[in-house]
Every structure is written in C-alpha cells, then in structure tokens.
Amino acid sequence: MKEIKKIGVLTSGGDAPGMNAAVRAVTRTAIYNGLKVVGIHEGYQGLLQKDTFELGSRTVGHLIQRGGTLLRSARCKEFETAEGRKKAYDYIQEIGLDGLVVIGGDGTFTGASIFSDEYNIPVIGIPATIDNDIFGTDATIGFDTALNTIVEAVDKIRDTASAHNRLFLIEVMGRDAGFIALRAGIATGAESILLPEFEEYQTKLREYLEQKHKRSKQNGIIIVSEGSKIKAYDIYKEITKEHPEYDVRLSILGHLQRGGSPSAYDRVIASQLGVAAVEALLTDRSNEMVGIRNNQVVYVPLSDSIKEDKALNKNLLRIVDILSI
Amino acid sequence: MKEIKKIGVLTSGGDAPGMNAAVRAVTRTAIYNGLKVVGIHEGYQGLLQKDTFELGSRTVGHLIQRGGTLLRSARCKEFETAEGRKKAYDYIQEIGLDGLVVIGGDGTFTGASIFSDEYNIPVIGIPATIDNDIFGTDATIGFDTALNTIVEAVDKIRDTASAHNRLFLIEVMGRDAGFIALRAGIATGAESILLPEFEEYQTKLREYLEQKHKRSKQNGIIIVSEGSKIKAYDIYKEITKEHPEYDVRLSILGHLQRGGSPSAYDRVIASQLGVAAVEALLTDRSNEMVGIRNNQVVYVPLSDSIKEDKALNKNLLRIVDILSI
Amino acid sequence: MKEIKKIGVLTSGGDAPGMNAAVRAVTRTAIYNGLKVVGIHEGYQGLLQKDTFELGSRTVGHLIQRGGTLLRSARCKEFETAEGRKKAYDYIQEIGLDGLVVIGGDGTFTGASIFSDEYNIPVIGIPATIDNDIFGTDATIGFDTALNTIVEAVDKIRDTASAHNRLFLIEVMGRDAGFIALRAGIATGAESILLPEFEEYQTKLREYLEQKHKRSKQNGIIIVSEGSKIKAYDIYKEITKEHPEYDVRLSILGHLQRGGSPSAYDRVIASQLGVAAVEALLTDRSNEMVGIRNNQVVYVPLSDSIKEDKALNKNLLRIVDILSI
Amino acid sequence: MKEIKKIGVLTSGGDAPGMNAAVRAVTRTAIYNGLKVVGIHEGYQGLLQKDTFELGSRTVGHLIQRGGTLLRSARCKEFETAEGRKKAYDYIQEIGLDGLVVIGGDGTFTGASIFSDEYNIPVIGIPATIDNDIFGTDATIGFDTALNTIVEAVDKIRDTASAHNRLFLIEVMGRDAGFIALRAGIATGAESILLPEFEEYQTKLREYLEQKHKRSKQNGIIIVSEGSKIKAYDIYKEITKEHPEYDVRLSILGHLQRGGSPSAYDRVIASQLGVAAVEALLTDRSNEMVGIRNNQVVYVPLSDSIKEDKALNKNLLRIVDILSI
C-alpha cells in the first residue's frame, strides 16, 4: 500500500450541522499525523472543477460551532458518470491525494463506493445527515441538532396552540425515514405522529381526530414526517373539510431544520468520527464508513451502509401511544 | 366616579409573547393597590360564557418567562353584536368588576372602545401583538420577541443557503404591515425585502434577481411580508419558471413566530404597561391605551390607536439598499 | 406479590432538566395502566411531612418542556435514620402506596435501596443527574441538556476571548466525575481540560500554558472540572503570578448548568425510563434502576448502580490532545 | 475640508455583541459611497503596530450574526500618550486615511476626542458597550443582547431555585452603572435588586431578606450590579452568617454576558449607526458620536457623550417594588 501523505476532504449532499466540526477534526488529525490536507469545494464537483485549497490548523479554528459547511456542498450529476469520475481521478492524481474523506449521506457514499472500486483510491465515509437514515451507525452527524431545532420550534407552536385551543399539523424532515418524526413526536409530547414506516398510524391519527380531540377540544400537535404516504397538506385539507369546527393550522418547518450551531452531541461525534476517519486511512482501511455503535467507533463497509435499511426503534412507537393519553 | 375595587383582565386576538408578563404585572399591581383581580378566559368570550377565576399574586408567579397566555385567547363574534355586549356587561355587573384591562391588538381595542362607550365601564388597553401595527405606541408587546425568533430561524436558513449557494424566499408574519419584515430584513442581512407598504420594492426585487443574483451566484435571502401584494409562493413559482438555473427554496416561517419565551425588552415593557394600566384605572382614566413613546409611558385614546396608521421608518428602508450591496 | 394499584413518585437530590418529563411519563404510564399516582413533594421529605397530592393526566400536561421539577427536590437527613424511614413507611401505608418511583442520583438510590430492603416496598429508580455518574446506564437524565447549556455559554465566552486574545479558565460542574468536563471540552474545542480522574492532565495543562499559549498568544479555553484536585481558582492565581503577561480570566459557570428546558435527547430518555419504571413495578421488579445501555432499556440492581464507578471513555481523552493542536 | 476617499474603522475597549454588525455597516456604506475602507486590528494599538487590512464587501459577508469582533479589541496605554498619538497619526498619513470610525465605549471616545482635537482628523464614534453607560444615546450596541443573555441564564437559575426553594444572589455586569441590573431585575422577576446608583436599595434588600423571604421560604432571585457599593460576595457571606437556615447560593454570571450572536435590536441599531457614521464623515462632521434617541439617529459631541452621566429610569425602579410582592 502506498504511504498516505496528503488527503482530501469534502462535504456532499444535504448539509447537516456538525459537518464543519467533522472537517475540523479531519484536518487537525491529519496535521497531527504529519499529513497535508486539501479542502474540496462543493462535494465531488470541486474535484471536477479543480476547486480546492489547502487546509491548515488555523483555517479550521473557531469552526466547531458553526452550522453549514465551510467547504460548501452540492449534488453532482457528472460524478455519476464514468467520464466524470475519470476526470475527478485525474485531478486527484494531479494534486497528489493519497486518500479521501467524504462527509455526507447515502448519495455521497454511493459515489464514494463506486469511485473507490474503480480507481483503487482509499476512501473513508463519515455519516452526516439530519435524517439519520444510514445503516451501521446509531447516529449521523446533524440528527441530534435537527431534533433540538425542531423541539424548540414546536415548543413555540405549542404556546400559541394552547393559547387558542388549536390543532397543529407540523411537517418535519427525514426523507423516507421516520427517525426525526418519531423522536420529535416523543420529545414534543405530540398527540399523534405519522411515519413513513407504519401505515397503521393513519388509523391512530384518525382515532385521535375523531375521538380524543373531539372530546377534549384542547390544543393538539400532530407531527407528520415528510415521507409519510399521506401528506401533511392533504390531512390538513381533510380535517378542515370533515371538521370545520376544529381550529386547525398547518406548519411546514422547512429548511431551518438543516441549520444552526451543532449540539454538544453532534460536535462530540463529529470530532470522534473525524479522528477515526483519518486514522482509518493511516491503517490502510478503505471503502468503509466510520460510525458510532453503542458509543464506540465502528467500521462498516460503505456498500453495507447504503444497502441496508436501518430499523426504527419500535419501543419508542409504543411510548407515543402511552404518553399521549 | 365609582371607586375601583375589583378589576378584570383578559387577553384577546392573536397571542403574543409577553402577554403573560402583562397579566402578571396587572395582577400584582392591582393587589399591591388593594384591589381584587379576576382573570377572564379566552378574551371577551369568557365574559359571555362566565368563564373567570380569581388571580392571586402566586397564580402569576413564574409566569413572566412563559410564552402564550395563561388566560388563553380567542376572537369572539358574539361580542361584536349589541346583544353579546349586553350579556358581557350583565356578567360584569354580576361579579362586580369596576374596570377592565384588555390585552391585545386592534380588534381587541375596537371591541373595548365600543363597549366602554356603551356601558360607561372603565377600560384600559395594553397593546400586545407581534405585528406592531398599533398607532400611538413605538412598540407592542411581542414584536421584539417575534423579531428575535425570526432572526434565529433565518440565521439557520442562511447556514444551509450558504452551504448550497441557494436563494431563499422567506415569508414572515405582520398582516398588512411591514414592521416585522423590514426589521427582520435588516437584522438578517437580507438581500431584498418585499413589504406591503411599498410596491416599488417589487422593482428592487426584480433587479436583485435579474442582475445581482445572476452575477454573484451566491446564496441570497429575500424576506417577504405576508401582506405583500405579490405572495411569496407566487414569486417562488415565477423565479423557478424564469430562472430554472437558480436553486431556489420557499420557507413560510408560520406560527412559530408567535410563541416562545418573551425577550428581555418585551418583559420590561409588559411590566411597565401592566403597572400603568392599573394605575390608569385608579386615576379615573378610561377608554385609553397605555403605550410606550420615546421610552416613556403614554396614554392614547383607544379610538386613535385603531383609527390611525403607524408609519414605517423610511430611513430603515434606505439602509437595506445600502447594506445589501 | 401484592397487586399494584397506586404508586408514588418523587424527585430527590440535585435537580436536573428532564425530571419533569420523567414525572409526566411515570404519571401517564400509571394512568394508562389503570393505576393511581401520588406526587410526593421535595423528595423523601414529602413522605415525612405528608406533603403529597394526586397526579392526573392533565396535571402533567405541558410539563415535558419545563426545567426544574414540579415536585421540587431536597436532600433529607431524617430519611437517613431508621426512625425517619419508619415514619415514611407508615405514611406510605396510610395512603396506600403499593410502589415507589424515585427520580434522582446516587444519594437518592442509596436511600431507596435501604428503604426497599427494610420494608419490602417495591421501589424503582430513574437516574436523573446532570453529572452522569451513575453506573449501569450510558446516560442520566439532564446530562445532555447540561452539556448543551455549557457549550452555549462557552461559545459566548469564546467570542470575547477571541476579541481580546484572552485565556479563560472555565469551571464546570460534575462533582467527582469528569463526564461533563470531558465532553464539554471536546464540544467547545477547548485547548486543555482538567479532570478529577487523570492527574497527568495537570502536566498537559502546564505544557499548554508554558509552550503553546506562550507561542500563539491566541485566545484559549481551559475547562476545569469542579472535582479536579487542583481548583480553577488556584490555577488562575498561579497563572496570574507566573505569567503576568497573560490576559487571563476565570469563569465559574455555576447553577445555570442545572436549569433550562430539557434537550430532545433528555426528553426522549426521560419518557422511555418513565414508562419502563412503571412497567417494571407492574412486572414485580423492585430495588432496581431502569437505565439506557446501547439505546435499550436495561434493569440494574440499585446496589450496583451506586457501588460501581462508571469509567470515562479514554478514547475521548485522546481526541482532546489531537484536536487542540 | 479635504474630500473623504478612504476611511479606517476600529473596535476598542470591552467587546460587545453587534460590533461586527457595525463594522459590516461601516464597510458597506463606505463602499456604497465609493470609499476605500481599512480595518484596524485591536483598537488604537493597530495604528501603532501598523496592523491593518483592506475591508471589502465580501469580507464582511455573514458577519452580522457573529458575536465578538473580527477586528479584535484592546485597551491601549500608549495611545494615551502624546507620543503614541503622534505615531498613530503618522501611520494614518502614511496609509492615507481621511477619516476614522471608532466603535466602543467611553474610553474609546475619550481617546478619539483628544486625537481629533490634536490632529484635526475627522473622527466619528459609534457607541458599543453592553453597559449602556454612554450619555446622549438611548441604547448602546450590545446592551439588548447582554440583557437577553442574562435573562436566559437567570431563567435557568430560577428553575433550580424553585426546585429547591433556594435564594440566589446573581451578580451581573454594568460597571458603575445599574442599567443592566435594573432591566435584568425587572425582566427576570427578581425579588430584589441592588444598584450602584441607589444606596437605599440596601434597605429594601434587607427588608426582603428579613421579612418577605423569611415568611415565604420560597425561592428568590436577587440581582446585584457589579458596581454596587456592597458586593454580591459580601452579601452572600452576611446572609449565610445571619440566616444559616436559608439555602443561599451565589452566581457570578461573568464573561458569557459579553458574547453571543447579537439580538435583532442590536443588529438593527448597529446597521443604522454604521450607515450614519459614514454619512456623517461624508458631510464633514467630526468629533461626534452617532446615537439613537427616540428611535432617530442623533449626533452628539464626543465630549458630551463622555462627560455627562446618563440617568437611570426611576420609573422602572418603582416597578420592581410593585411587581415583587
């Protein structure tokens, strides 16, 4: 195996709070081990557009607390083609990178996996997405922060819901996965939750609307995952039609869920995983993701991380039913 | 004039952070002056439904920091009728209220003004609405908190806008008035603002979209007041049609703008105005709003507070143009 | 075993954010299962002073987001005596409690364990302390919130440290354990950390002060655990004496670390553990703590939870050294 | 008068949130008007050490939301000497500055006033200090943010005070002035406040301690200004001696009060004052401070701003007494 002397780091896909903390950790760990580090702008696109710069220890100073990503992020169609990847590889050769750390979600890892197979360049993935939908790691960077952001927003909405005895439908992010909606629902004391994974929860929602809310006439919060079969907006229209007497409002939390200073937890795991990623490259690992399982750093083949579906904690679902009485 | 021994207090209309701080101040000032205080639930509706309870000094303990309103709020159609007001007055006589403090916005004050004229019951209004659209007071309770909430949300959106070089249209509250949008625009460093009051800003927005954003390809934030002639959603559709190359997103902040723990400023003016309202009743004032002008408490006839239009600070508008270069 | 029909719940020891969320979960789970629930004021003291009240589903509404504890907390000397415990038991008999859920830290569990042994009353403990120093559970309720509070405070201090190139010594809570200091240090990007568990870190601190800080003359943050052998104040005095040229400040974060609305994580585990505690009583468990290990609910004998020392994650320590270059 | 083509900007004295927003506004207004702008590092020291750099429109992008100051700040002994000021002037000539904007408090303005008198260089001051102790302006940049920071911290302390029925002495900043303590006291619902300006409040504090707190045995918050004649620590010692039965704690909030992202209000006035400062230079004003009075920009001779004492709002003091019953 070729000795690692210079590595590149990029952030790709949807941005997540803590990506900067991970870039900082990768950079400093590399420097600590005598390596050079190159920051690549806008994900794989930076490799195609030769948009890179040297990262120093001071470049990443005071970065741990910042939302967004210094390296910027993008989705890159061209990298999905063989020509695109060839071009990226040529540039990597040109600037002499011996390894790559890619920070992102499953799209990022899919690209990384193919690229690493094709060109035999060592690549390590760090899972960073607010959706937490990566197999092989208990948590992804950004998930905890997004949850806290949602909880703060819903607490505010609860204030106004209580003041007016209103019913709120609140759509949260999470793509096809209900990780965000499930935990946000528990943490905000939601009266009902709608998840992509469990269609039977439509029945429970209906029960809540037809029985409990009718009886109590109290305020209510219903958390709807953006990936649910039935959309928040459609439920909203249905309720206003079937229950014109309900004072119902729709709130789509939107992109504020992606930003903000990372939580303590996300900063810590971003630091752990950034260190682990560089150390993985230094010990000849490749085509793997570094993740957190049972509070320990683990290594998972990139191909597993994207192929398998991570299961929702069913026990948490049960809790929603008990606590919303 | 009849001596004041017992007063009622209610919150009405859209809720605003700091309403609770005002209820606390009214309650404690009344007790401090030897009066009894009755809390009325859900605005004028509580008078019609005889839904009231005694407020003690301890009832309002640890209330200053809470969003929403302990008294709950509602809009009340019946109180707009003469019969409704007669019923309310009868109940006021029944429980022996000698004066009323009403906390809310222009709808609340309109009802109060008519009621006070009809029944010669002393009424004092406290301006509380996040929209700041009440004439005769520099600030309304809740406005500062809502601004801070918006600023925090837009800062988060800026993180993700920067990460992806995206353009965001962000709709903020404020009804027909641009007070929120204007200050939120300055405070978030928005690239452009659309206000109900100034149609020419559509031209400026177009300039930004056609020229500056085209050139810079940087991230951008456009704050759109919900009362603007052209709606945020329509601008969004137009941009995606005319500039399919722009990466544009729409975010409607929604009801989270109404909630949350009140800011220091809102707690202080809520305290000042609550004290002033009770002292106004004790000095035989009626049919007036207590407001803040030039950092002093002032008294404004309720009829003025609802008739006149408060002007936007044009100087602030000029600042947006200068600082968004 | 006697059938469980009525249970009591108390919070004891130092308060922690999320205690209210746990009380809510215990209450609603009990009601969900047809039990009656009695809230006991001020920990064990409430049993001695017969200060209890019935908890309903609505009593605990809108409680999940509140810091502090509705039940209040206290340390109770009298309960450490056999007479005290006898008195408590008599009252428990008097009001017909069939089981007890105690929410707190090791002091709370020590009392619970002795009491349960003496009187054969089923007792389940829920770990709630910001210090995270309970064996058998990965997390205690309040730890995550306290970390986030500290991180926000230190981020603010970092602003002013940077503005003036200052060195800050920041003392954080945690009693004899460095869990808070270690994670807070990583999450704030601290230049050095002093923990009770590792004396060699005094050497590292000295290195930082004598070499790195001397060279860089940059701002610096040193996190000192309150349980460290050498106190923050003494280090402060030493630095000002040995390095009068350094611009050094001391900040003792203090009790604000105990308060605030609980984080999403703390609300979720408080909900999980509250449900688990009641279900444990219903399945004839006693004298155990419900905890979280590897994201699953586990049961640990109370005696173990207080006897054993939980180890710090040494891997995290290594990270501090790497990332503070 | 010489035409203004190039100006310098610096931040000096204690840092305050919003200084960056003011630097941004100065920079962009200058560029908008065709001027060049030079950033001076670490206050007047940067002039002596020739530590300056050109500020562009993009340099100050995404700066409005950041605490601290990009330009860093310092107190500079050498500038207090005639030689120091001569050296500064020579450098100003060397790099061709035609005017200076200084952002800071009274120390900053004192230096500016002497310097402008001696060398006939146009200087405009922008008031930025968390203490709000500048005559001629209703608000200084940073005051509102500091208040909000304190209010959030005290709300957290109130949680734990309530949980344990504790009494907290909380020392807040403000130097010789009670502006911070007075408003923080009202906004946190403090039971008592100690200010530098009113010695009689020691009597009120004593009354609270000897009578009200004795009676209620409830939690209590006492806000003590750091400039009070009797120090928070001494009161703490006295209470623990005279009332060993009280559960009393001391909390010195410290430097976290100086940091953090500026509030909406501080960002708006920083923007207004930054624009006004550059426009003042362009209209041949000098040796003045730009301030905010009655929501309008005003110009105040620098000599007045530092000579006169701004009065506390006595009406607010009265409110504390009424609302703490």
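So that you can tell them apart, the chains are marked A, B, C and D in the order they are listed, and the count of residues begins at 1 in each.
Throughout what follows, a contact is a pair of C-beta atoms (placed from the backbone, for glycine too) under 8 Å apart; a residue touches a chain by one contact, two chains touch by 3 or more.
Here the structure is a predicted model, which is why all the values come from computation and not from measurement.
Chemist: How short can a path of touching chains from chain B to chain C be, counted in steps?
Modeler: Each step joins two touching chains, and the minimum needed here is 2.
Chemist: Could you find the chain whose CA centre sits the greatest distance from that of chain C?
Modeler: B
Chemist: Hey, how far is the Cα centre of chain A from the one of chain C, in Å?
Modeler: 28
Chemist: Could you grab the centroid distance between chain A and chain B? Build each centroid from C-alpha atoms only and quote it in angstrom.
Modeler: Distance between chain centres, rounded to whole Å: 36 Å.
Chemist: CA centre of chain A versus CA centre of chain D: separation in Å?
Modeler: Whole-Å distance between the two chain centres: 39.
Chemist: Give me the residue numbers in chain D that touch at least two other chains, ranges are fine.
Modeler: Touching at least two other chains: 155, 158, 162.
Chemist: Strictly by the criterion at the top, what is the full list of touching chain pairs?
Modeler: A-B, A-C, B-D, C-D
Chemist: In the complex formed with chain D, which residues of chain B make contact?
Modeler: It comes out as residues 24-25, 28-29, 31-32, 57, 62, 64-65, 138, 144, 147-148, 150-151, 155, 158, 162, 183-184, 186-189, 261, 263-265, 267-268, 271-272, 275, 293-297, 313, 315-316, 318-319, 322-323, 325.
Chemist: Taking the complex as given, what residues does chain B use to touch chain A?
Modeler: Counting only chain B, the residues touching chain A are 11, 15, 17, 19, 66-69, 72-74, 149, 153-165, 168, 249-260.
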